[in-house]
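The next part holds the structures, each set out as C-alpha cells.
Heads up, the next two complexes both have subunit A, just with different partners, subunit B and then subunit C.
Our next item is the complex of A and B:
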C-alpha cells in the first residue's frame, strides 16, 4: 500500500474521469439531479489528495534522495520505465495539485453545461500533473506533461467566453509546439548516451557534457542544444514575455476555474520541470546560462508589472501577475544559490495558492455581476462597494492580494523574501528591480482592490451582491488556511525542500 | 501438413469469398446480414489461424514463389484485421447501401486475400500479379460509390496512377529478369552478386522500383492519388484503402529491398548488389518531401476526408523511415506503427462515415458543432487522429518515437527534425479539425440540450470500444508488441 502511494494518486482521478464518461447521460442537463457524477468526481479528486497527505507524512525530511520510489519496466526495447518518486523539489507542488483540483471541481459544482465533461477533464488534468511531477523517467514525464495539454483545449474551447475558439486554438498550437520541441530534446538526449537511457537518475551529473551530434554536416554539442530546446518548449507552456500572447488571450476567454488550473498549476509545474531537468541533466550549461535566465526573468518581472498596470479586467490582471511572478521565479532559478532556488520552489506553492484564490474570487465576482471588467476605459470604476455587501469576499480577496504582495505572515512573504535574498548575490541591481516591481504591484493590486471592494456601490453593478454561500466558503478555507500556514510556520516545508536543493546545487560547482 | 497449416488462412479467405459470391448470386431477400456474418466469421477464422501458424513459419511454397515467414504472417494479421474492421464499419454506417453490401464484402475479402499473398510473394511474377490483383480490387472499391461522380473520378485517377506505376515497375522487373535469367528474388540476388550489373542500369532499375513503391505507399512524388481517391471513395472503403494499399506497398518493399537490393556489403557504406549507390540519400529526400507536403496540405484542407488523407501521406513518410534504416529496429518500428494504424485509421474513417451519415457532407464548415450532436463519437474521432499523428498520450506516439529514434541513430538528425516539424503541422491540422468539431458547443447545448443519435448507439459504442481497447493494450504492452515484431523478424527468409 505505502509503496504505491503515487500510483494511487494518479490512478484514482483517472477512474473518476472514467466514471464521468460512463455515468448515464440524461442526468447532467438538470443540475439538481446531476448529483451522482459530481459526487464521484469530488470523491476521486479528494481521494487522490488524501493520498497526497499520506505521502507528505511518509516523507523523511532529512534525506535529499527520492522517496516512495516506484520502478516498473515499461518498454524495455527503448529503456522506458514507469519510474516515480518524490523529493524536495516536487513534494510541495504535489501538495499544490492535491489542494487545488478538488476546489476547482467544487467551484464548478453547479455547472449547467456538460458538468460531467468538465469534471472529467479536471480529473484527467489532476492525474496528468501528479504524473508529470513525480515521473523520474524523461519519457514518462513527457507523456504526462503533454497529456496535460489536451484537456485545456477542450476546457477553453467549450466552457470559455465569446472568443473561446480562437483562444483555445492558440493555446493548442502553443502547447503542441512546446511539446514537439521537448520531444526533439528527448530524442536527442536518449540517443546521445550509451547505453541509451531515459532515466533522469542515470542521466544526471553531467553525463551529457562533451557529447556531440551531426546536423547537416556540422557537429553540435548535445547539452546546449537540448537545453535550448527544453527552455523554448517550457517557455511555450509557461508565459514568458514576449511569447505570452496565448496566455493572456486564454485568461480573457477561459472560465476562471480553467484559468486557475492553467496559471496556478500548469505554470508552476512547467517551472518545476525546468528546475528538475536544468539542474540535474545540464549542470554545466545552467551555470553558463544562469545570467541569461536572470535577464529573461527580470524582463518578465518588469514587463508583467507594467502590463498589469493597464489591465481593466480581473482575469487579464491575473495573467500579468502570473507573468511577473514567473519572472521572479526565474531570477531565483538563475541565482544558483540555495536561498534563491528554495525561494523559487516555495514560490511555486505560494504563487499557486495565491493565484487560485485570486482566480476563484474573480470568478465569483464575474458570476455575480456578469462582468469581469472592474474599470471602464475612461478610468471610472465599474464595480465597487462589494465590501459593504459581502464582507467575507472582501476579506478573502484581501488575504489573497496581501499574499501576492508578500505581506509578512502569508505564504508569499516567505518565498518573496527568499527570492530577494537569493538575488542579491547575482547583482544588487536585481534587488532594486524586485523592489521596484513590488511597488508597482502594490499600486495595481490596491487600485484593483479599491475599485472593486471599496467606494460607493457602482450604478452599473446590479446593486445586490450576495455573500459567500456554504459551498463557496468551503472552497476558500483550504486556500486561506494554506496561505496562512505556509506563511506563519514555513519551517517544516522548507526543511522538506532544502536537502534536495543543496545536493543539486552542490553538483553544480 | 506444415505447408497446409501455413496457407490455411488464405484458403479460409478464398472459401469465404466463394461463399459470399455464391450467397450473392443464389439468395434473395434477407441476405445481406448473413453475408456480413459469414464474412466476419471467415475473417475471424483466418485471423486465428494466422496467429496460430506463427510457430510453424518460415517455409517456402509453390516452387519458392511464396515464402510464408514472420513478415508475411505479420502483414496477413494486419490485413485481415483491416478487412474485418472495415466490414463492420460499413455495416454500421449507411454509405455502402444494404443491397451493395455483398459486393462490398466480396471485394474486401478478395483484397485481403490478394494482400496476404503479396506479403509472401518472393518471385517477380508473383509480386507483379499480386500487385495487380490488389490494385484492380482497389480500383473497383474506389469506384464502388457508383452514384457519386467523385467516386468515379477517384477510380479514374487511381487507374491512371496505377497504370503508369505498374508499367514502370514492369520495365524494371524485365530488366532484372534479363540480367539474372530467373524470377525468384533470392536467385536474382545471387545472380547479381556473381555478375554485377553496370551502375547505370542498376540506378535505372532501382529508380523504377522506387517509383512504383512511392505510388503504392502514397509518398512523394506519386502521392497525388491519395487525397483524391480517399476523398472520392465511399468512406468505409477509404478506411480500408488508406491502410491496405499502403501496407501492401510496405510488405512488398520490405521484402524486395531486403532480398534483392540492400543487403549490406562487406565494405561499410556499400551494398551487396547496389554497390556504392547512395540510395538512402534518395530515399531520405523522398521522405522529407513527403513529410512536409503531407502535413502542409493537411493544414489547409477544407474537407475532413481530404484532411485525413493528407495525414495518411505524412504517415507514409514516417513509415518509410523504417525502410531507410532497414535494420531490425527500423522494421520493428514499422510493424508497431502499422499495428497502431490499423485501429486508429480505420476508427477515424469509420467516424467520418458516421458523421457523413449525420450531416450529409464532410466539409469542415458543415461539420461545425458536430460535437454537440455526437459527443462520444467526436471525442473518439479526435483521439484516433491524435493517435494517427502520433501525439501523446496515444500509443502512436511511441511508434513515432521509435521511427525517429531509429533514423537519429543512423545520423539522420536533419530528417528527424523535419519529422518533428511535420508532427507540429499535423497536430495543428488535427487541432483545426477539432476546432470545427467543437464549434459552438455551448450555445447549441444551451439552446437544444444534449441531443445524440440513439440509432445504433450501442453497436457503435461497442465497435468503438473494440477499436480503443487494443490501442490501450498496445500502449501499455508496447514491449510485447515489439517483442512480437522482433520474433516475426527472426523467422524471416532472406
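Our next item is the complex of A and C:
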C-alpha cells in the first residue's frame, strides 16, 4: 500500500467527486438540514490528506532522490508514462494541498446553492493539484495542470458575484492560453530528443542543450524557446505583473473559498512547476535568465505592494499581496543559491497558509457584514470594532498578518529570512527592495487591521458580529497551527527540502 | 551530549511560563481583576525564581559567561544558518532582575489605581505585562541576536495589548495601529540587517561576535542599528509620542517605552564591539546626540506633561545610544538601567499625583505626608533619571563626559544637549507633577512602592561603592560591583585623573545649573511655558508636529497610493478590463467579418464557375438533343466509324 500512496491521494478525491455526481438529489434543498454528500466530500478530502501524512512519515529526509515512485506505461507508443514521485521540491506543497482543501469544503459547509457541485469541483481540484505536483512525466503533469483550470471556470461562473461570467471567461482565456503555450513547449521538448520522451528524469541534466529546431528557415535553440514558452505559460497562471488582470478581477468576483484555492494553492503550484522544469530541464538557460527572473520578481514585489496601498476591499488586497509575494519567490528562484531557493520553496507553503487564513477570515467578514470593503474612497473606515465583538477572529487575523509580515516565530519569518539571506548574493539593492516592500506591507496590512478590527463598531456592520462558531474554529486551527509549527520548528521541513535543492543546484553551470 | 543545558532550561522555562501566563490572562483574565493580578504576581515570581537559579549558577561558575546555542533555520555550524540559544551573564540577569522589580511595583499600582477596569479589559494589562517581561528577559538572556529579536517581538506584543484599553476610540485605535506598524518597521530593518550580516559569515552569536569588516557587514550593521534604534521612539519617529492618549501613564510608559527600550538596547549593547570594528559608531553617536536635542526641545513646547514625559524617556534612550557610541557599553548600560528605574518611578509618582489631584477636586483635604512623599518621590525620580549624583545614571553620564574631554567641540555639543535634557525633565516634573495642594487617601503601600525603584536606581546598588567607583582601586567598595561583573573591562579602566575630574565637574556643573533653572522657571514662570506655543505658533506647530516628518511621510504615502491607483486604473481597468477585451472583440469581429466576406466571395465564385460549367454543358447537350445537330452528329459518328473500318481493314 505504501507504494501507491500518491495514487490513493489522487484517486480518493476523484471517487468523492464521482459520488457527488452520482448521489441522488436530496429532498431537503436546505443544506443546514444535512446531507450525505458533504460528509462524503469531506471524508474523501480528509482521506487524501491522511495519505499525505502517511507519505510524509514514509519519506527519508536525507535522500535528495524521488521517493514513493510509481511508474506505469500509459501511452507506450508516445513514451507517455504514469510516473509519480515526491521529493523535497514538492512535498511541502503536497502537504499544503492536503491541508487546505478539507478546510475549503468545511468553509462551504452551509452552501445552499449547488453544494454537491461545489464540493465535487473542490475534490477534482485536489486531485488535479496533487497529480500536477507529483507527476514526473511532462505529459501527465500537463494533463493534471490543465485539468485544474476547468473547475475554476465553473466555480467562478456559478458561485461568483455579479460580474462572475466575465471574470470566469477571462480566467478561462488566460488559463487556456497558458496551457496552450505549455503544451507547445512540451511538444517541442518531446520531439527534440531521441528517443522521444516526456520523462523529466530522462530529460534532466541539460539533455536539451545544443538541440535546435527549424522555424521559418531559422534554426532556433530548443532550450531557449521551450524555456520562454514555459515562462510565458506560467506567467499567465502564476500571475505575474502585468499579466495579472484576470487574477484581480477573479478576486473581486469569486467567492472567498474559490479565491483561496486559486491564490493559496494554484499560484504556489505554478511556481513549483517553474522551479521543477527550469532547474531540471534547463540548467544552463536558468543560469543565463537568472538576472531577468530576479528583475521580474522585483517588479512584481514593488508593483504588488504599491497597488495594494490603494485597495479598499479585502479580496483585492489579498490579490495584490499574492502578487507581491510571488515576486519574492521569483527573487529566491533567481538567486541560484541554496538559501534563496529553499526560501522560495518554503515560501510556497507559508504563503499558501497565510493567504488561506486571510481569505477565510475575509470571507467571514464579508458574510457577516454583507460587504468586503473595509475603507471608503475618502479614507474613512467602513467596518470597525470587530475585535471587541469577536476577539477570536481578531486573533486569527493578527496571526495571519504577522506571518505575512514575517514576524519571528511564524512560517513567514523562516521563508522571508532565507529569501533575504539568499537574495543578498544577487545584489544588496535587492535586499533594500525587499525591506522597502515589507515596510509598505506593514503600512497597508496594519491599516487594514485598524480599519476592520479596531475602533468603534461601525453602523454598516449592523452592530452585530458573532464570534467564531465551532466549525469555523475547526478550520482555522490547522492554519494557525501550521503557521506556528512551521515557524517555531522548521528543521524537519527544511531537512526534507534541502538535499533536493542542493542536488538541483549542483547541476547548474 | 545533553539536549539542553540546565541553565538554558531555566531560562527557557521562565520565558515560556510567562508567555503561557500571558495567553491565559488574555483568554481568561477579567472579573475579578484581582484574579488576573494574582496570576501576574505568579508570573513575576516565576521570573524571579528563574533569575535566582541562573544567578546562583553564574556565581558558582565564577561569573564566567556561559552560552548554549542550537541551529534554528539551518544547522548550527553552517554559515548563513540562523541560530538560537541562551546566555548566562551578569549583564542580562541584572536587567531581568530590574524588570521583575518594576513589574512588582506596577502590580501594586495596578491593584490600587487600576480598579474599575471593565471585565473584558481586566486581563489585558496583566497579560501585556507578562508578555513584556518575557520579552525583556528573552532579549537579555539570548545568546544570539535572532532570539533577541524574538524577545523584542514579545515586548512589542505586550505594548500593543496594553494599548487595547482604548481600542474602541478611533484616535486610540489609530495610535495602537501606528505603534504596531512603526515597531514592525524596526523589526523588518533589524531582521534584514541580521540577514545581511549572516550572509557569508559564520553564524551570528553574542559570545563572541565574529564579524569581519566588509561592505556587507557595514550595510547589515547599519540596518540592524536603524531597526533597533526605531524601537526607542527617537527622532524622527516622534509622531507617536507627540499624540495624546488617554491610556494610563504607567501602563503606556512601562510596556511601550521602558521595557521595549530595554529589550532593544540589549542587542545594541552586545554589538558594541562590532559597531566599533565596522566604524559606524561615530555616525551613530552624532545621530543619537541630535536626536536627544530634538526630542528634548520638542518637550519644551508640549503642554501635556504625559507627552513631555514620554519625550524625556525617548531622549534618555537616545542618550544611552550616544553613550554606547562615545564611551562604550558600560556607560550605556548604566544610563539604560538608571533611566528605566527612574522613568518607572516618575511614571508611578506622576500617576499617583494625578490620582491625588482628582481626589482633591472631589473632596479636598489639606496636604498630608502622603502627598509630600509623592512630591519627594517626583523630585528624586527626576534626579535619578537625569544623572543626579548618587544615582546609577550619574556613573553612565560621568563615563560619557570623560569620553568627550578629548574633543572640545563634541564636549560643547554634548553638554549643551545634556543641559537641555535635564532642563526639560525638571520643567516637566515641576510644572505639572510636583504641584499638589491636597492630601490623599491612597494606601501607603501604593505611595511608597515606587521608592523601591529609586533605591534600586542608586549607584551604590550597582557599583558597590558610594563614590560610584568607575575605575579600579575604589577603596570604599562595600560589596561586589554588579557593574564590574557585567563589564569586566571596567576594572582595568584607569583613566587619566585630570580629564576624569574635569568631566565630573563639568557634568555636575551643567546638571546643577540646568536643574536650578528648570525648577526656577517651572515654579516662578509657568505662564512662559503656557505662552510659548502662542508666541511662536508656526515653530511650535512644526516642532509639536514631529518636525514635519509626519507631514512628509503622509505626502509620500499619498504619492505611493496615487501611483498604485494609477497603475491599477491603467493596467487592471483600462488595459485588462476594457482595452484588451475591446481589442480582442474588434479583432475577432473584423477577422470573422473578413473571413465571412472572403467565404461569401469564394462561395460566390465557385457557384458562378460551377454555374458556367453546368450551363455550357447543358447548352451543348440541348443542342445535341434538339434540331439538326442531332443528325449532323449522327452523320459525323457514322462517317467516323466508316473511316475507322476502312483503315482497320487495310
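In the analysis below, the second predicted complex is superposed on the first by the 503 of 509 C-alpha atoms of A that agree within 3 Å, B and C clash if a C-alpha of one lies under 4 Å from a C-alpha of the other, contacts with A are read in each partner's own complex, and residues count from 1 in each chain.
We adopt the following convention: a residue touches a chain if its C-beta (ideal position, glycine included) is under 8 Å from a C-beta of that chain, and two chains touch if they have at least 3 such contacts.
This structure is a prediction, so every number in the text was calculated from the model and none was measured.
Overlaying the two complexes via subunit A leaves subunit B and subunit C side by side, clear of any clash.
When the two structures are aligned on the shared chain, A:76 is found in touch with subunit B, with no touch to subunit C.
Applying the stated contact rule after C-alpha superposition, one finds that A:449 touches subunit C and leaves subunit B untouched. In the superposition on chain A, A:177 makes contact with subunit B only, not with subunit C. Once the two complexes are overlaid on the shared chain, A:18 sits clear of subunit B and of subunit C alike. In the superposed pair of complexes, A:309 makes contact with subunit C only, with no contact to subunit B.
Of the two partner chains placed around the shared chain by superposition, subunit C is the only one that A:431 touches, whereas subunit B remains out of contact. Judged by the touch definition given at the top, the superposed model places A:420 against subunit C, while subunit B stays out of reach. Angle at subunit A (Cα centre) between the Cα centres of subunit B and subunit C in the superposed arrangement: 160°, in steps of 10. Applying the stated contact rule after C-alpha superposition, one finds that A:215 touches subunit B and leaves subunit C untouched.
Closest approach of subunit B to subunit C, taken over C-alpha atoms in the A-based superposition, is 5 Å.
Within subunit A, no residue touches subunit B in one complex and subunit C in the other. On the side of subunit A, the complex with subunit C involves touching residues 170, 241-242, 244-246, 248-249, 303, 306-311, 339, 381, 384-385, 387-388, 405-409, 413-414, 416-418, 420-421, 424-425, 428, 431, 434-435, 438-440, 442-443, 446-447, 449-450, 454-457, 490-491, 494.
By the touch rule above, subunit A contacts subunit B in their complex via residues 21, 25, 28-29, 73-78, 112-114, 117, 139, 142-143, 146-147, 150, 153-154, 157-159, 164-165, 168-169, 172-173, 176-177, 179-181, 183-184, 186-188, 190-191, 213-216. Listing the residues of subunit B that touch subunit A in their complex gives 332, 371, 375-376, 386, 391-393, 397-398, 401-402, 404-405, 408-409, 411, 413-414, 416-417, 420-421, 423-424, 427-428, 431-432, 434-435, 438-439, 441-442, 445-446, 449-450, 452, 478-479, 482-483, 486. Note for the complex: subunit C touches subunit A at residues 71-74, 80, 82, 120, 146, 149-150, 153, 164, 167-170, 173-174, 176-178, 180-181, 184-185, 187-189, 191-192, 195-196, 198-200, 215-216, 219, 223, 557, 560-565, 567-568, 571-572, 575-577, 580-581.
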